[in-house]
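Note that the chains are named A, B, C and D in the order they appear, and that numbering of residues resets to 1 at the start of each chain.
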Amino acid sequence: MQTIPIEHGLILASILFSLGLIGVLTRRNVIFVLMSLEVMLNATGLAFIVASSRWGHAEGQVMFLVILTLAAAEVAIGLGLIIQMYRRHQTVDISVLSEMKG
Amino acid sequence: MIILFYIAAIVAVISTLCVILQSNIVHALIYLILSLLAVAVIFYVLGAPFAAMLEAIVYAGAIMVLFLFVIMMLNLGKISTDQERSWMKSSGWVAPGIMAAILLAQLLNVLGDYEYDLVPVEVGVMEVSTLLFGPYVLAVELASILLLAGLVSAYHLAKK
Amino acid sequence: MTFEVGSILNIGAILAVVIGVAAMLIWVERRLLSLWQDRLGPNRVGWFGLMQVVADMVKIFNKEDWVPPFSDRFVFVLAPAIIMTVILLSFGVIPFAPGVGIADSNVGVLFVLAMASLGAYSVMLGGLSSDNKYALLGSLRAAAQMVSYEVFMGISMLGVVALTGSFDLREIVLAQADGWYVIPQFVGFVIFLIAGVAESHRLPFDIPEADQEIVAGYHTEYSGMKFGMFFVGEYLGLVLVSSLITVLFFGGWMGPGFLPPVIWFAAKAFVFICFFILLRAAIPRPRYDQLMSYGWLFLLPLSLINLLVTAFIILSSQ
Amino acid sequence: MLTLIKDTLISQVVTLWKVFLHTFAKADTVEYPDEQPHMFSRWRGRIILSRDPDGEERCVACNLCAVACPVDCIALQKAEDDAGRWCPEFFRINFSRCIMCGFCEEACPTNAIQLTPDFEMAEYERQDMVWEKENLLINGTGKYHDYNFYRVSGMKIHGKDKGEGLNEAPPVDVRSLLP
């Protein structure tokens, strides 16, 4: 069995995390923002799996499951909010939400 | 196996890059699904088949379907693609790019001198479930409450 | 090159047989439907109309392969490829007989579920990219239907998994040497049957493509070989669901020894294929909201109760 | 709950069983080109023009069929022969428009135009669906073998009054029928 250097897995996770962060910070379409958040959460899960593979334990997979449920709940609420926002403003531009008018 | 890891890693990075650079939302979603599946392959290589399958079932199969469903409901067609393109031309890329690059550099710096060759050992479903319904049963309960809360609030928010 | 699980010969043979069977089902379904409707069906081309398949193939290859100019071309071309890929991949974990199979994964059941959940994208993306109102309606329906029925499909499989103690499909078959799981898991079998029909969106649950309401649903705009891939994909899904029922509930290749195991497997799967065609001939299509409420209000509690009772019995008998 | 089970399970299973029993039923299909279907004589198919028992054309070019036709597929032109009787100069039916309704047959006072049980009228050229008089006319009486218009009602021609022509019966004196 060949081996994989553990830092390669973690570097991959951090690259994915940074890409997701760029997406969250730059995009104005709120659906893209939510998708980039998913990328970030997924990168975190990858880091957990790499760590659990490092020790040969199952705890990392348990944490991944918790992240998965977190992501599912977050997406459900986030998409509900997007639908509500689209009904009120007829746009998916996230910057309209910064205009707080009473 | 090891070559599969690197192929999947390259696919994941490129498709994630496509997600954040894409202006067509449906194409971006397909790239995101591809990225998630590539990560699932990485999980399998790293000896976590259960997590890999859950990634494919829950992430790529259920959560992304929700996204697609909402995109269909909102009917974001060609106009939104053009709008998206006009938004992406702005110079808003610079500062976030620099910030993310600094973060990445920091992480690489930290991880660079951490050298350990991991030998993927398969950790099957049984071990994970024993842990889940043993010491981590509270986490399962919390997750289920979280899902219930998400269900109720999503229903409340999306209702007319 | 020996004939064992995972060899090139094995993979090639299984691929050829599965696709061949899916193509032949075009003829089988039409003949059986006409049998049950007191007609004759296609009987002109070749012996008993067997060459009808070839005639259909020639026709479908010669048709104009038209991509609508208003469609999203990338997604439009991608969608039919997804369903073929995903369903053919699912056959990878099915154990056909001892030594016949592509891979013995210890997460086989989960792999099938994962592929089924990815199959929903084909239908949804096909409808969305067509930029046609009927196609969009069809794919909206498909999204809700396939995501919902996947849940019951998974939960109904879990009873079998709990009895065996493994996600490996080959071990599930081997564990049925004493008795088929259809007897202790009859409720699970019925739920799996219904969810399987809904998941391969065939009649009576062909609501995504209900011809009388929304033309042809998600594949309204498809023509030529792209339509053909959806068409063959549907039959491949039929073969897959029948094979899964055989593996999970009817003892796979097990049977009295006078026939080879592969023949037993094929015979059992063929009975279920015929049963699905009978369903199509006999039962009308339910309304969309009836389908959803039937699933969530009837099948979900039933499957959960089934799982609970199974787990209780297993634990109390230990 | 009980009605739910009855509606969702029992009735579906009964339906399945009843349809399954059709496996043993005989097919109703008639394999047409190999096996000719039985056509009834009053089937409304291809239109013909018949002759009377003496071999003369029955059609008197009265145009009633053309008037009755709902799709206007009949066209004809009146001509007179030497004796002064009417006959069609041309008689044309466009079968690509004809809907085989049979109104022309009902309208015809001389039983000339009749519908036959023939339905095999496919053509490669659209123009071939337009049938002229020589295509339509048959050497027979069609469905009504004894009927001859001139024997019943007659027609005044040059030199001869009603009922004086060859093979013509004298017109009925209506008053003589009175008691």
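Throughout what follows, a residue touches a chain if its C-beta (ideal position, glycine included) is under 8 Å from a C-beta of that chain, and two chains touch if they have at least 3 such contacts.
Remember, it's a predicted structure, so these values are computed and weren't measured experimentally.
Just to note, of B-C and C-D, the chains joined by more C-beta pairs in contact are B-C. Our note on geometry: chain B versus chain C, Cα centroid distance of 28 Å, whole angstroms. Our note on geometry: chain C versus chain D, Cα centroid distance of 54 Å, whole angstroms.
Put simply, the C-alpha centre of chain A and that of chain C have 33 angstrom between them. Chain geometry summary: the mean Cα position of chain A and that of chain D are 78 Å apart.
Shared interface positions of chain B, i.e. residues touching 2 or more other chains, are given as 50, 54, 62, 71, 73.
Contacts between chains trace an open chain of neighbours here, each touching only the next in line. The complete set of chain-chain contacts reads A-B, B-C, C-D.
Of all the residues in chain A, the ones that touch chain B in their complex are 1-12, 14-23, 25-29, 31-32, 34-36, 38-39, 42, 45-46, 49-50, 52-54, 56-62, 64-66, 68-77, 79-84, 86, 92-93. Across the interface of their complex, chain C is touched by residues 4, 8, 12, 15-16, 18-20, 22-23, 25-29, 31 of chain D.
Put simply, chain C touches chain D in their complex at residues 34-40, 278-279, 281-283, 294, 298.
Residues 24, 26-27, 30, 33, 49-50, 52-54, 56-57, 60-62, 64-65, 68-69, 71-73, 77, 124-125 of chain B touch chain C in their complex.
Chain contact summary for the complex, chain B toward chain A: residues 1-2, 5-6, 9, 12-13, 16-17, 19-20, 25, 28-29, 32, 35-36, 39, 42-43, 45-48, 50-51, 54-55, 58-59, 62-63, 66-67, 70-71, 73-74, 76, 80, 83-84, 87-88, 92-93, 95-97, 99-101, 103-104, 107-108, 111-112, 114-121, 123, 127-128, 130-132, 136, 139, 142-144, 146-147, 149-151, 153-158.
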